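Presented below are the structures under discussion, each in the form of structure tokens.
Common to both upcoming complexes is subunit A, partnered first by subunit B, then by subunit C.
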Partner chain A sequence: MTLLDFARGIGMEIALSIFALGVLWRLFSLLLLPWSKERSVKRADAPSSLVAGTQGFFRHMWPAQTSASMFVTINGYVFHIGLAIVVFGFAQHILFIKGLFGLTWPGIPSTFINIVAVITLASLVAALVRRISNPVTRLLSGFNDYFSWTVTALPVLTGLLAVGHYIEPYETILALHILSVELLLIWFPFGKLMHAFLVFLTRSETGIFYSRRGVDI
Partner chain B sequence: MAEHETVGELLARRGITRRALLKYTAYLASVMALAPSASKVMAQALSETRRQSVIWLSFQECTGCTESLTRSFSPTLEDLIFDLISLDYHETLQAVSGAAAEEARLAAMEENKGKYVVVVDGSVSTKDGGVYSTNAGKTNLEVLKETAADALAVISVGTCAAFGGIPHANPNPTGAVAVSDIIKDKPIINIPGCPPIAEAIAGTVGYLVTFGSIPELDDKGRPKSFFGDSIHDRCYRRPFYDRGLFAKSFDDEGARKGWCLYEVGCKGPVTYNACATLKWNGGVSFPIQSGHGCLGCSEPNFWDKGSFYRALPADTGVNGGVVAGAAVAGAAVGAASAWMARRRKERAIEEAKS
Partner chain C sequence: MTQTVDVQAAANAFLARTEEHLVSYLEACVHCGMCADACHFHEASGDPRHTPAYKLFPMAKAYRSQKFPYNLLAPKITEKDLKEWEELLFDTCTMCGRCTTVCPMGIDIASIVGQARQAFVAAGLGPDDLMQAAQNSKDHGSALNVTPERFSDRLEWLEDENEIPIPVDKEKADILLTISSIETMKYPDSIVAMAKILNHAGVSWTTSTKGYEATNFGYLAGRGDIAKIMVNRIVEAAEACGAKTVVIPECGHAYGVLRWGAANMIGRALPFEVLHISEFMAKLKREGKLKLTPVKESITYHDPCQISRRGGATEEARYLLDGFAEDFREMTPTGNLNWCCGGGGGVQAIGRTADLRHKVFKIKIDQVEKTGASTLVSSCSNCRLTMDESKEALHWGGGLGSLVELVADHLIEDEAPVEAAE
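So, the complex of A and B:
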């Protein structure tokens, strides 16, 4: 069995299984926890939880107006949107998803995808440099942050190397690309990447919490 | 046939001119990407050497490899290979049979000890002592070991001999293996393909005969001159791949326009062979040119890498049941841990009350 055979076969099965197990484990264990009772009295003009949660979620999509957080926000949008375009727009990735779920849609021209992937990688590097160079974020960062960054950046890097045939033989770099995605899938539920699911809960919950207390955010 | 005559003498006797030999060596030099000056050296060397003794063993195979080399309907350059070698044993091509054939093999081995080349097509059965493929009362395994013992080199022709091929495919009932799994102490050249390209067989044998040495090989034992580039590297549909223009089925507009066959399963990007440059049937066409994706037949285990029609990025068969089972297990573990947290909380409240 070659590395590519492993990556496309049993490796993918293991990674997807751990991903599914981990994500559902974390979601179920969190959502079925007992909710603590709100002991404060709700303000008279406070909106319903649904409205407050939605408002809170959208309000947090844009930061307070300081130049540092502006960079973090814009850069964050760049690599999040970039990742989405590359993952869901590249014809080869659509074939992968089609293979798994049978779903398909038209791809985006590969030249455009390549440009987006380069920008995404640059943006990820910028995020890392900002994290390391800023004393506060450096102090707050630990293994989880750096490893989550690594498993996100690796598939972009290996993908670019594979598409450009920069490393020969091609099957090796293709295998490494798939393996890097599998590493991401395995780490996803257990590290900070889980925010992709939890961000909806955490931001809405914060919105409800603040609105109940009349905190202007 | 004069046993000790040189290739030059034989060609002269057959009426083949030096010009034809030069044409052949120029052709060999070009397909093997040798320097143009090599053709003259090759022609000179060839005409002065004795014909190379070759013992061709056919094991678990379909004869497609021999067909590939001999299929020509008119004399071609590849046919000249049969003038360069003394084919002392070939079950399909030899006239003799039975004990006489086996004697010819043993005699050739004795006479050319340490100098003959063994060509093998077909995989070697090893299960139950190799009884699933025998010839003249001997298993292929025995014959291979016996014949290779005093050989100069072994050439594994076709994917079955090189990598086990179709007999080796899951569930491999005969315990089929590649020649290189059995023979460890001789130089082995692999010329895989199902079948291999005639020029690759002729070119490699020609090189061996001319230079008396093994051509440069890749990590899978294949001559780099024929297996150095992937099909995708040399495919004329590559511009469509680069522009993201793919046929979605074998009869859609993209297919009719000759777009890339990646989405309908082409394995060209991970297959190393010379089909895209040398092509088949005297350079007429090759599978991709005929509208079908590359199957990857010159790579190990090409038969067991998922469907030929499944695109390369797609998995080779993730078991949905296993993933669904993992998801259910995750949900159950999550629910159980939440339930335990609830229980802990309830107990803490009760303890606080009491």
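So, the complex of A and C:
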């Protein structure tokens, strides 16, 4: 079995299993914790929890801005959207996903994908530079933050190297690209990347908390 | 003197509070640092340690060190951690919630800080003066040692001095008025103002020596036991006189605790409605029971965090001021995004925070001066006290006032209540 065979086969199966079970475990271990019972009387015009939670989720898509936070917000959108386009828009990725799950959809031209991938990588580097150079984020950051950044940036970097045939043989860099994705999947449930799921809980719960008080933030 | 710190007690207290929403908040933070720019303490000091997200570290650490499988690798919380974060959690957080407004994950840090303080107290930590204020509340009735006897004496004196009825311990009343000890000792004119407004409205009201102290230092000091005692005193006093409404005076946390937290503390819904005095005055205006002469001087309004951003009564003060304050000027930012005074959350009672509070007040001075308003009016006596102290320390010449006193000073006493307000 070659490295590429391993990465495409058993490696991916293991990574996807750890990802799926890990995410489920994280979510259930959270949701099975005690929930505080709210006994205060909510405002007469407060919406239902479903509406308030949904509003809270969308409201924090663009939180109140300070001058310094504008870069973080915009840059955050750039690499999040960039990652989504590259992961789900690249024709070879769609073929790979079809092979795994049978789902398919139309791809985006590869030239556009390449540009987006370069922008995404640049945006990720900018986020890292800020994390290291800003005294606040430097203080806040630890292994979890930097490792989560690494496992996010590696697939973009190796993907670009593979597509551009910058490293030969192609099979080796392709295998490294797939392995880097597997590393991301394995780390995902246990580190900061889990925020992709937790954001639905935190934003909506805060939305409900403030909405029942009649506060629109 | 060496302080004994029970680290395990703190860890256990942290773990006992790990409800779903708290853990979600702790786990979801991506350390983006955006909350730093929203925090008045960080804005004033520039110290990265004052970043709101950083204040959550001990709670997150305690959680991870006791939860499988994180506990296999995660370091345990230490005495050094607790001693370092004591200052951050008590001295540099007013639980104002401004950081929540900028958090892309929507994490409500203020609610975690309130819980975390209880764990620090379990470990034997917490600023002495704040702890003493809470103990005084339990032992003597209020943080400033206003005992029931002193309270009724004080009201009797105000009644005589101002020739205005201020009922105490009426057998039956529709409204129970609570009072902050800051008003009793420092701003008695606010008590007179509230009495004037209640009398003007022609409602049945009383104060009670059983439950008079609105400010809940038990909550502020992380003493859940005392917080509950303080709430129960008001609940029992209201039930004794059959009050349908409890009016909270100009005190932000008093409103936050009784309106939004009390039912959860005592485990049942409150048997009465809770209104902040600004909400009560706005209600009177809606009902046509508040006839006022206009205020000519230029004023701006400081939103107390627990009444506006975390209380939901932001628009009530503005409704009241609309048409009443002829030259009303909003600060930037204002309303739910307003900068905190720097003294909420018990920080005002911590003596060692004075210098930092004065630095924070410079943000407010700048805001007020940009409006050009001659007077900064607030509806929280704790904000007012914080700002009064800083005004003196910084020799600022701007005016500071109280919303309830402003309304009372402009009541048209001779006319019957008008039918309806717009």
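We adopt the following convention: the second predicted complex is superposed on the first by the 213 of 217 C-alpha atoms of A that agree within 3 Å, B and C clash if a C-alpha of one lies under 4 Å from a C-alpha of the other, contacts with A are read in each partner's own complex, and residues count from 1 in each chain.
We adopt the following convention: a contact is a pair of C-beta atoms (placed from the backbone, for glycine too) under 8 Å apart; a residue touches a chain by one contact, two chains touch by 3 or more.
Only a predicted model underlies this, so the values are computations on that prediction, with no experimental measurement involved.
Chemist: Based on the superposition on subunit A, does the combination of subunit B and subunit C result in a clash or a fit?
Modeler: fit
Chemist: Who does A:Met194 touch here: subunit B (first), subunit C (second), both, or neither?
Modeler: second
Chemist: In the superposed arrangement, does A:Phe88 touch subunit B (first), subunit C (second), both or neither?
Modeler: neither
Chemist: When the two structures are overlaid on chain A, which partner does A:Gly76 contact: first (subunit B), second (subunit C), both, or neither?
Modeler: In the superposition, A:Gly76 contacts subunit C only.
Chemist: Just subunit B (first), just subunit C (second), both, or neither: which does A:Pro34 touch?
Modeler: So A:Pro34 meets both subunit B and subunit C here.
Chemist: Mind working out whether A:Val215 is in touch with subunit B, subunit C, both or neither, as first, second, both or neither?
Modeler: second
Chemist: Have a look and say if subunit B or subunit C is in touch with more residues of subunit A.
Modeler: Counted on subunit A, the partner with more touching residues turns out to be C.
Chemist: Closest Cα approach between subunit B and subunit C after superposing, in Å?
Modeler: Minimum over all C-alpha pairs: 8 Å.
Chemist: Which residues of subunit A are in contact with subunit B in one complex and with subunit C in the other?
Modeler: Residues 30-31, 33-34, which sit in both footprints.
Chemist: Hey, which residues of subunit C end up touching subunit A in the complex?
Modeler: Residues 18-21, 23-25, 27-28, 30-34, 36-38, 42, 48-49, 51, 53-54, 97, 100-108, 111, 259-264, 267-270, 273, 308-314, 336-337.
Chemist: Where on subunit A does subunit B make contact in their complex?
Modeler: These residues of subunit A touch subunit B: 1-2, 4-5, 8-9, 12-13, 16-18, 20-34, 91-93, 95-96, 98-100, 107-111, 165, 169-171, 174.
Chemist: Which stretch or stretches of subunit A touch subunit C in the complex?
Modeler: Listed in rising order, the residues are 30-31, 33-41, 43, 56-57, 59-60, 63-69, 72-73, 76, 131, 134-141, 145, 192, 194-195, 198-199, 201-207, 209-210, 213-217.
Chemist: Of all residues in subunit B, which touch subunit A in the complex?
Modeler: Spelled out, the residues of subunit B in touch with subunit A are 230, 232-233, 242-244, 246, 262-263, 269-270, 272, 300-301, 305-306, 310-319, 322-331, 333-335, 337-339, 341-342, 345.
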